[in-house]
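Each structure below is given as structure tokens.
Look at the two complexes coming up: chain A is in both, with chain B in one and chain C in the other.
Here is the complex of A and B:
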């Protein structure tokens, strides 16, 4: 089971109300390479992956949920004081008429989240390669969002998240090597 | 919230981040004795920091990992996105 801790993994500050930036960040909330996709992907792959990497998938999936909460906090803080006019200027009127200021699992273009963003092939190497690719894509997305943002407080938190993608990718690469070593040392029955 | 809330919270976040990093590292390097010593030391520090924080600002965790005052103060604000 899971427990909730009433704190963010890393502090989230925003300098100003900025719904345009919130729209871009939605990509990491309900987008194909976002934090929701990451958490669900790893959590679900655990059941059919070799025992040696179940711990890693569990822990990274759990950390992704804390990143989802950080992204939600960013979107919430960037939009909570926005007027309907500011929402409209940011291109979020389509969102506003259906959701008001509520968050929703969409990508930056407003497409709802779908399970087809993620995979579970049952083949451990295929699954881990997908996980590595997902981390690299998420890292790239964080970079493109930072490039579009002039909010230095927000960018500090985004740089933390970008760095986490690098570490997760590295750990998944190590997991591949662990499974390859394990395969190569097998074993006369 | 008073300045002390932010100072203590940030200290917890910094220490817990070290634990997350060591945890992921140990998931793929389970034989690294030095890393395990660091992991256990930071876990102990985390418990101490959280006891101090919770005495002043209420429970950090649900489902029995934190004690409650009267009335039940788990439900009190601020939630993390309100900080």
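Here is the complex of A and C:
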């Protein structure tokens, strides 16, 4: 079970009225390498991973949900006061006609989220290597969003999220080292 | 010691339609070189700075965009 803390993991401040940024951020909301995919991937893989690293997957999955919440806050702030005309100028008219200003799990190109974005092979090494790759892809996605954004306050939060991907990747790499390690087994030569 | 960014020169054709970017770069953050984080690494002085940086340990911090960005536009 979870306890919910009614605050964001890191403050989210948006300084410019620029709904187009919301469109780009949607990639991290419902995209293949987004926070939803990450949270669901780890939360599901943890059942069949060796118990030494179950806690790690639970912790990281939980943190990904808090990142999802930050991304949602950014998208909401950028679109909540936009008029239909501004939405149209931002290239979000396709989204608007179906969802109004509601958030939805799509990628930046409007493709709905699908479970095929994630994997659970059951092999611990295969699963952890996928998790490492997912973290690096999420890190790269944050880089490209920062490159497209000139909102310094928003970028501050995005830089925080990018750094977290780096820390998560290191933790998954350590998990691989833990599962490779044979110090505690009897070796017969 | 490692660097957080690597640089390379892509091939430039005399027939390229756009002005070439002569030097391209990519990010190689610290975690690629750590393997298994040793215990007792020095931490940031304040919790506020650690939150701002996104990590407790200066050795894990990766700046973006590249603070020493070379001219990749010309």
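The rule is simple: the second predicted complex is superposed on the first by the 181 of 189 C-alpha atoms of A that agree within 3 Å, B and C clash if a C-alpha of one lies under 4 Å from a C-alpha of the other, contacts with A are read in each partner's own complex, and residues count from 1 in each chain.
As a convention for this text, a contact is a pair of C-beta atoms (placed from the backbone, for glycine too) under 8 Å apart; a residue touches a chain by one contact, two chains touch by 3 or more.
Treat the numbers as computed from the prediction; the structure is a model and nothing was measured.
Of the two partner chains placed by superposition, only chain C is touched by A:162; chain B is not. Of the two partner chains, neither chain B nor chain C is touched by A:153. In the superposed model, A:76 makes contact with chain B only, not with chain C. By the touch criterion defined above, A:4 reaches chain B but does not reach chain C. Put chain B and chain C next to each other and count what each touches on chain A; the higher total goes to B. When both complexes are overlaid on chain A, the residue A:174 reaches chain B and chain C alike. Once the two complexes are overlaid on the shared chain, A:182 sits clear of chain B and of chain C alike. Across the two superposed structures, the residue set of chain A contacted by chain B and also by chain C is 10, 167, 174. Contact residues of chain A toward chain C in the complex are 10, 139-140, 142-143, 146-147, 159-164, 166-167, 169-170, 173-174, 177.
By the touch criterion stated above, chain B contacts chain A in their complex at residues 9-10, 12-13, 16-17, 20-21, 23-25, 27-29, 59-63, 65, 79-81, 83.
Residue ranges on chain C touching chain A, taken from their complex, read 27, 29-31, 34-37, 51-55, 60-62, 64-65.
The residues of chain A lying in touch with chain B in their complex are 3-12, 53, 55-56, 59-60, 63, 69, 72-73, 76-77, 167-168, 171, 174-175, 178.
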